[in-house]
Amino acid sequence: MATTDALETLRVRRDGAVLSADIWAPPMNLLGPELVRDLVSLLQHAEADASLRVLVFRSADPDYFIAHVDVERIAAYRQEAARLAGEPSIGLLFRHLSASRLVTIAQVAGRARGAGSEFALACDMRFAARESAIFAQPEQAFGLAPGAGGIQHLVRLMGRGRALEALLSADDFDADLAEHYGWINRAVPAAALDAFVTALAQRIAGLPAGARGLLKERVDAIALAPVSEFRRDSDLFLEASRDSDAKRAMQNATRRGFQTREGELELGHVIADLLAR
Amino acid sequence: MATTDALETLRVRRDGAVLSADIWAPPMNLLGPELVRDLVSLLQHAEADASLRVLVFRSADPDYFIAHVDVERIAAYRQEAARLAGEPSIGLLFRHLSASRLVTIAQVAGRARGAGSEFALACDMRFAARESAIFAQPEQAFGLAPGAGGIQHLVRLMGRGRALEALLSADDFDADLAEHYGWINRAVPAAALDAFVTALAQRIAGLPAGARGLLKERVDAIALAPVSEFRRDSDLFLEASRDSDAKRAMQNATRRGFQTREGELELGHVIADLLAR
Amino acid sequence: MATTDALETLRVRRDGAVLSADIWAPPMNLLGPELVRDLVSLLQHAEADASLRVLVFRSADPDYFIAHVDVERIAAYRQEAARLAGEPSIGLLFRHLSASRLVTIAQVAGRARGAGSEFALACDMRFAARESAIFAQPEQAFGLAPGAGGIQHLVRLMGRGRALEALLSADDFDADLAEHYGWINRAVPAAALDAFVTALAQRIAGLPAGARGLLKERVDAIALAPVSEFRRDSDLFLEASRDSDAKRAMQNATRRGFQTREGELELGHVIADLLAR
């Protein structure tokens, strides 16, 4: 597997038709240019290998699945997405992932906030460790709106009221509440999660692939928002992130512990403090 | 706050950027011309005050949030809505509320039936007292269909099967079942509800407002039905309410305790008796 | 009730405005030409009888609600549907059922897989025995995609992630998980199910019928997919079922116990074994 050996931020292993990728971008799995670059390479590799059917995403960091984007390198990570999405947008990259012929499963332990949540939402299914998984779309705290598909997916999965609660509060949701609201398929006890996801991935991979692409197409015709809506959210995020208020909010937060491993463990609780002028 | 001091049926208090309105239209918080008039005034006031960000609706009556419309004054309350909605329709008034730049939260204790449920559904979020809140769309019992957005919201929030159950049965749903079906965001123990909603309202109000309007627009582009659909339901309700069968059903029910405080406590259970010819 | 006396596979009884049909097509309630023929006759009879308002579907077999289609008689059962649907398609027949002026309730005990699940999904509401009901869309195991509305309904009821889990895994879902995901309205203890559904059916039948058709129309304008989408899924199923791989998979499975009463009790668990080359 030459093309995946070179990945810096993904530890890949194959078991039959299932490819598992453990995210490992210390110190906290920020979605920066390196991780986006590697996700693009992995996808290109996997989609080109007709013997692969299922992709499972895990994290090698027990506290962070994907923390969120690296707010200091927005232009750079967006550019890496263009290689596969055709445009500098992780929203469009994530939509490409959703529309892939591959079946994708997010196995989430630890924190999945912002684009980390949106990456999980872009996968076909999401299963999370009941004791440790945390989901959030904290963009509003910085005067931003989610730009990588979070709005498109959350509103369709949980309805207007619950999506507005999650999006406007910018708060942390634990796995049980995320399951209750439909953010994820199921919360599973951490000790059982790996076996559960592995069995499901192998089961799906073992069934005939004949109508799988067709099935996903029919589902996505109903439930996957068109490219234009993902592009619009992506553009609005980029535009707002260049606003001086948003920049100041991100700088203030970063000075106080945002984008640090310790500083974000309880981000939902401390986010207001991080923003103090 | 000159404009809200004059309100007869709403007791308003302000805490920072959060405005709370307690509904108080004795004897049972019917949605009649006075309450609609005051809701219009409140909204006009609040939307014009740039320092306000969040509106919380509560009831001062522990048994009734909003009972439903005053069936004896349909033309009059509709006319009051025209001042803000541009047309005599509470469905269009409620849609205006949903599309407002203000974040709106319904804190429901007691009964929210018919237009009371629809008012809560028009708010951005709904939290209800586990022990006392009751939701219903009883229109079918009178040969009517909900005309103020109930169909539009319930089908999108809970799907076809559960919405049809609620709409066709005209029955009462307690807070737990309403939460389970997605009618509300969450059922919260009554003793904890006020603190929960207050904290959420203050949290939202304290975050930067920069992208809030944009976020609501993007959400509503997905999940808020167009004006034309609200208008159609509203017109159909008005038309059906003029039908002689519906009029007779409402008159019979009123003679037997409908539109009285005691007579509606268990409306879901007794509604068939109220309709006897 | 001359027209329903002649039904071979449906045992019909009437109680006021409620007509109940118990499915009885031994040995396992396969959906073959006889059952489709009788469902068409029942619907034609019931829709023509203005005094009927509610249709309840039950099974006389405690282990099977409807097992799935008879894979050896696909052309024949499709042809029977044409009598009511105008085209040889049970997907279009089921959509006709959904759009009927009659209120339809599926009371599910035992297994409802494939078209059995899709028939329940086509009803206005679904209530299932907590201890015995099992739902599945096993089509992917044969290289097929559901062709009778399962995709259209499941995605709208449970969202993209959970629908993909159910559709791609082809696995069995018990009543509690089906309720949690929104596949059904509620799981009810088996001992209480009949009384629950009977009371609901009689309640609905006892309310004025004036606005009932209008209400269903307004709901379906939001949540019932257009005929063209049902037709497309139906055509794709037929096409794929003629593929040599799918035929071989069905033949292999049938040799090993598929389409037998005993062989399908735990179909979700044994389906991979049934497919062995």
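Lettered A, B and C in written order, each chain numbered from 1.
Note that in this section contacts are C-beta pairs under 8 Å (C-beta built on N, C-alpha and C of every residue); 3 or more make two chains touch, one makes a residue touch a chain.
Note that the structure is a prediction, hence the values are computed from the model and not measured.
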How much rotation, in degrees rounded to the nearest 5, is required to superimpose subunit A onto subunit B on the basis of Cα coordinates? 120
For the homomeric pair subunit A and subunit C, should the interface be classed as same or different, according to whether the shared residue numbers exceed half of all numbers used? different
Report, in whole Å, the distance between the mean C-alpha point of subunit A and the mean C-alpha point of subunit C. 36
Multi-chain contacts only, two chains or more: what residues does subunit B have there? 156, 158
For the complex, which residues does subunit C have touching subunit B? 103, 123-126, 153, 156-158, 182, 184-185, 200, 203-204, 206-212, 214-216, 218-224
Can you check the complex and tell me which residues of subunit C touch subunit A? 139-145, 151-152, 155-156, 158-165, 167-171, 225, 229, 232-233, 236, 240, 243, 245-246, 249, 272, 275
